[in-house]
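Okay, so chain A shows up in both of these, paired with chain B first and chain C after.
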Partner chain A sequence: MAETVSAGASGGVLGGRRSRQEAAWGYLLIAPVMLGFAVFFLIALGASFYLSFNKWDMLTSPVFNGLDNYRDVWRDGEFREALVNTLAITIPHIVLRLICAMGLAMALNSNIRFRSFYRMLFFLPVLTMPVAIGTIWKWLYDPAFGPINSFLRRFGLPEPEWLSNPRTAIAAVVIVLLWSGVGYDMVIYLAGLQTIPREYYEAASLDGAGAWQRFRDVTLPLLTPTIFFLSVIGIIYSLQVFDLVYVMTRIDQTNQLPTVVYYIYEEGFRNFRMGYAISVAWVLLLMILVFTFIQFRLQRRWVNYV
Partner chain B sequence: MNRGVGHLLSRLALHAVLLTIGVIFILPFLWSISTSLKPVSDLFQVKPSLIPSEIRWQNYRDVFDTVPFLRFYLNSIIVTFGRTVGQVALASMAAFAFAQLRFPGRDILFFILLAGLMVPDQVLIVPRFVLMREFNWLNTYQGLIVPLIFSSFGVFMLRQFMLGIPRDFHEAAILEGANPIQVYKDIFLPLAKPALAAFGFLALLASWNEFLWALTVTSSTDMRVLPVGLALFQGQYFTNTAVMLAAANMAMFPLMLAFLIFQKQLVEGVALSGLK
Partner chain C sequence: MVPKFSTRVNRRSLLGAAGGASALALTGMLPKIGSAQDASAVEPYNGEEVTITYGFWDMAQEAAITAQLEAFKVHFPAITVEPQIVPWGDYWTKLQTSLSGGESFDVFWINSASLPVYASAGALLPIDAVVGDGGVDLANFAVPLVEMYGWEGVQYGIPRDFDTIALFYNKDIFDAAGVAYPDDTWTWETFRTVSEQLTDADAGIWGAGLQTSWQENYYNFIYQNGGQLLSEDLSTSVVDSPEASEAFVYLTGFFADELTPTIAIQQSNPVADTLFPAGNVAMLPGGSFRAGTYGQADANIDVAPLPQGKERATVTHGLANVIWSGGANPGAALELVKWLAGEEAETILGESGATVPAHAGLQQPWLDANPDMNLQVFIDALEYAHKVPDPVVGFEWQIKIQEVVIEGFAGNIPAEEIGAQAAAAANEVL
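And now, the complex of A and B:
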């Protein structure tokens, strides 16, 4: 972290004054970010931690109730449902995304024509507003009048109810998340692929390795740091999934597929159980930390750092 | 000769696969555009067609009669502008200081800032809301903008870039009597332009699409931004799907246009932010 450049002019009276001045400018330049960080992060974090041990409806003063909130979270059937939904979305979403994105990236990594055109197509959904995406797909999934079931009907295939049935809703949501996220992973993979020296492939070819062997012995091991990075941030992001799923699965004003973040919002700002909502958020934070920690522990077994 | 034909065929097959996937990727957008132009009678067909029976531009006009969409749009522009400019300005200043200046406690302060990246916003949302209520900033632009202009991620990304610029650059300027602010403004900002553009786009993207905070800090219809307006008025007000999709298309259109223009920088920016 410390970039120790040779201390230019640090000797003598002039140097001392200069480094004091430099320090003053340094503090001045970081002051706005640090101040905002202190107020909207550090203080907020402290308050959040304290309030998670309180019963609070935001109108009267908070009442300290020890570990009651956390005990309630543990027993809360609705929270459990939200958690199961979130995990059921996260796991297939991340696994499929990592695999599909790698396929796309490898296809585009060759000197194929129209490369940037394809890249643009696959990347376009990444930057589209999740709420708009949810709105569009909700209509595509319409069981009676949507194009997806109309397409399946033409071939005599079964027509799922998609979003109106909790079981198929998870598959429907995973498909949309995949569509909207795969381009991001692809771009990161492409950057990773570009760092693999050509000579490695040439050497492997000289040794008589076929395409599959080159993939297994050269590409895959050298991509493991990228896969690791993508799975860590992918899981962190996916556990916090909210707006897209909320828009898609809210049918007739009831949410068919509540996720953890939806539940936090609902408990806090609709039911005014602020202390409780915060403790659910802390449980989410804890889960994210545990997931990340496990991944970092496991990385030694499979991630290659050159 | 034979090998050449095989190569050509495999290339063609690859293009066929990529093109098919590409069409599947673009189809939801095409379908949304086509649906938004359909008359109501086209919507409830058991065999829906991509081509509308007649083009009905009126659907787009109807959006503005159904909800205060112009107001949502204006709010989104103001809020996105404020957050993006704020994030880029504050993060680049801090990044310059963290990368190029020496002062006691620098590395510890940077580390604390970085630790913030790990905490999800949901944990902080209630205390931030309470703070906004104390400031009387609920349902205001300040409330929507200010809490989200301090980007640890931006400081991290820009610092990474500025570390790559030799310190000699600014030593020389300092010896000629410039102060660090001038060095930052006249030397580093121009040099860091690609990184600033990349981060600026990411900030713009995140701000335009942001949902949770905007939903929390506003309650009056007049202060809603596009994503929140679009989400909340579904079903209740948008009874015509064609009109609702017209609204969705208009909400996502500006960023798609920006992307098509600045594609290269944006994709490189994502790769840059992902690698480090």
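And now, the complex of A and C:
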């Protein structure tokens, strides 16, 4: 379609009319999608942006208060705490996930028995609802009755109180995020591994490269585009973690490990400060944009595109 | 890949259109919420066929409410009431979003802490017209309950039930240990001593089950020790007083010495819902609303007054039915609220055993529904019950206190500092 239109734009009268007609059809055909996009995304986005400059409790009309919300976000100690928690989850989560998933993918890319079965096994948690995952893991972490601590007890190891101590809670949440997300990364890695031509390995072997050298000098460089993609997607996802902490670390209205999105929820829906909550959401969006921008900038230094 | 004709609708005009539409959407939907009108201006129900919705959160009361609505239908055959249960965890979110979306419950439950918030926002219909000459005699309800649902001299709700806190205990655990059951002579010392006696880590039994809920835990102990939650004018929190601090230290001791399940354990095992009815906990300070469930539990449960500190005290609360000010059928909604406050509806509620009816003189059916337990202690407790103060700024201060207390119970901050830190945290939002 794009071709016809551009041809029409430079064409004669007849072509112009035809192209206009075709363009009209084009608009007509994408109208349902665009309408949905406009109503559920663009308008909502615009409304949210406007409301972020308002004091709004969701019960009475919004009152415009300029940059007050954003100024408050800047000074808000609780927001900062939530941000620190979020980063403390995100950084180990992403690093460990990229490494574990690569190991898994390489293991499951070799000729072992029941390969497809294992691949399915590791991918299953990806398809499970986060709330269900959180609920199950909460039981696994139970200090008195949970299997994890009774296992540690049997070997006389220290038994952490997992979810009720903010420090161990970070580890607990990271473990669950890893468990539930590693399968996705593994599948993407597998796809990446399978694009590496076998000849490269043969050539490397002929030149006397051992397994480690083949990995370091062939596999790793050729996987950099995959690693880059996964880290961008992973960080965007991880900075928005909510369901898991909502289900796992909350107890009677309080949360040992509030994250940024949890804080947005709390401010908006519990403390009746929806305008403020929305401005926090925009700040988070901005941060994600900055993170992603930096990643795209840095990729030039380390990502190899063949 | 971007088709060329997209340049005709350029980004700026698209964003502009979105912005304009957003503004339209905002002005169109928002002012619907607070249509300030009062019941005297409401057109009385004229007998036409209408359907209204009734929102509430407690699954345990579903049967009772169904029975109430069937009885209501007999009196008002043309009014169909659709019950809508939204579990507690989602209730307030649902209420807020539905109010701001302009499509909410016609009649719904509210708690005292939320009343000032919603009343001041104009989301509730004043019901003065049905009070007094309008049909409902507020003298039938305990004063603190009525006061909870008035705001700035206007009545918004009529109490439907009330709760007080008492000490549930598992008779089998006491019998096995050969210890006498709790009674009204108990003090803080008795409670502590017996908790120590009954705790048996090897058998997986805790003497006490101190919940994370403020209402069923530390509020009672603060009042018993002569403390208060807020100053008289509701402007500052006074949980840093020596009286309140002493209560926090006393309670933290149970957690530190593992006489009660730790916070970590309670994270996945709410004591009142799992460990106590399963027989892992000997004593549980709990609300009257738990009696119905405990009557059917496997454990052999009875109830005694809370142990007393310097004085006898408990906190009381009650829920009320209120009306959304933006509903399409306020007349029918008023009829429902009025009828729900009457003897017939309150008797049905009591007979279900799920909660204590608020209407004076109608508690007997509730007592009869659970004859094996000495539930009279909950009703007697009204005499020494305190109402939790509800400032207009909402209930965030209670959560601020809770955050500090949970940290203290978990052992992350020293017990002596709980009061001071909690008061400071609460004062930030008051």
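The working rule: the second predicted complex is superposed on the first by the 279 of 306 C-alpha atoms of A that agree within 3 Å, B and C clash if a C-alpha of one lies under 4 Å from a C-alpha of the other, contacts with A are read in each partner's own complex, and residues count from 1 in each chain.
Assume a contact is a pair of C-beta atoms (placed from the backbone, for glycine too) under 8 Å apart; a residue touches a chain by one contact, two chains touch by 3 or more.
Since the model is a prediction, treat every value here as computed from it, not as a measurement.
Q: Tell me the contact category for A:M120 with respect to chain B and chain C: first, second, both or neither.
A: First partner only.
Q: First (chain B), second (chain C), both or neither: which does A:I136 touch?
A: first
Q: Between chain B and chain C, which makes contact with more of the residues in chain A?
A: B
Q: Quick one: is A:L284 in contact with chain B, with chain C, with both, or with neither? Answer first, second, both or neither.
A: Once the two structures are laid over each other on A, A:L284 reaches chain B alone.
Q: I'd like to know which partner A:R270 touches here: chain B for first, chain C for second, both or neither.
A: In the superposed model, A:R270 contacts chain C only, not chain B.
Q: Is A:E199 touching anything from chain B or chain C once the two structures are fitted on A? First, second, both or neither.
A: neither
Q: With the two complexes superposed on chain A, say which partner A:G26 touches: chain B (first), chain C (second), both, or neither.
A: Both: A:G26 reaches chain B and chain C.
Q: Per the contact definition in the header, classify A:P62: touching chain B only (first), chain C only (second), both, or neither.
A: Once the two structures are laid over each other on A, A:P62 reaches chain C alone.
Q: What is the contact status of A:Q253 with respect to chain B (first) and chain C (second): first, second, both, or neither?
A: In the superposition, A:Q253 contacts both chain B and chain C.
Q: A:I43 contacts which: chain B (first), chain C (second), both, neither?
A: The answer is both, since A:I43 touches chain B and chain C.
Q: Would you mind listing the overlap between the chain B footprint and the chain C footprint on chain A?
A: Common interface on chain A, chain B vs chain C: 1-2, 5, 9, 23, 26-27, 43-45, 47, 51, 58, 139, 144-146, 252-253, 269.
Q: Any idea which chain A residues touch chain B in the complex?
A: Touch list, chain A to chain B: 1-3, 5, 8-9, 18-19, 21-27, 29-30, 32-34, 36-37, 39-41, 43-45, 47-48, 51, 58, 104, 107-108, 110, 112-114, 116, 118-137, 139-140, 144-147, 150, 153-154, 179, 184, 187-188, 190-192, 229-230, 236, 240, 242-243, 246-247, 250, 252-253, 261, 264-265, 268-269, 274, 277-278, 281-282, 284-285, 288-289, 292.
Q: What residues of chain A sit close enough to touch chain C in their complex?
A: Where chain A meets chain C, its residues are 1-2, 5-6, 9, 23, 26-27, 38, 42-47, 49-51, 57-62, 138-139, 141-146, 161-166, 249, 251-254, 269-272.
Q: Show which residues of chain B lie in contact with chain A when the two form their complex.
A: 11, 14-15, 17-18, 21-22, 25-26, 28-29, 31-32, 35, 43-48, 50, 90-91, 93-94, 96-99, 101-104, 106-107, 109-113, 116, 118-131, 146-147, 149-152, 155, 163, 167, 171, 174-175, 179-181, 184, 205, 208-209, 211-212, 215-216, 226-228, 230-231, 234-236, 241, 244-245, 247-249, 251-252, 255-256, 259-260, 263-264, 266-267, 270-271, 274-275
Q: Please name which positions on chain C make contact with chain A in the complex.
A: For this pair, the touching residues of chain C are 2-5, 8, 14-15, 17-19, 21-23, 25-26, 30-31, 33-34, 92-93, 96-97, 99-100, 117-118, 121-123, 204, 211-214, 261-269, 394, 396, 399, 402-403, 406, 410, 412.
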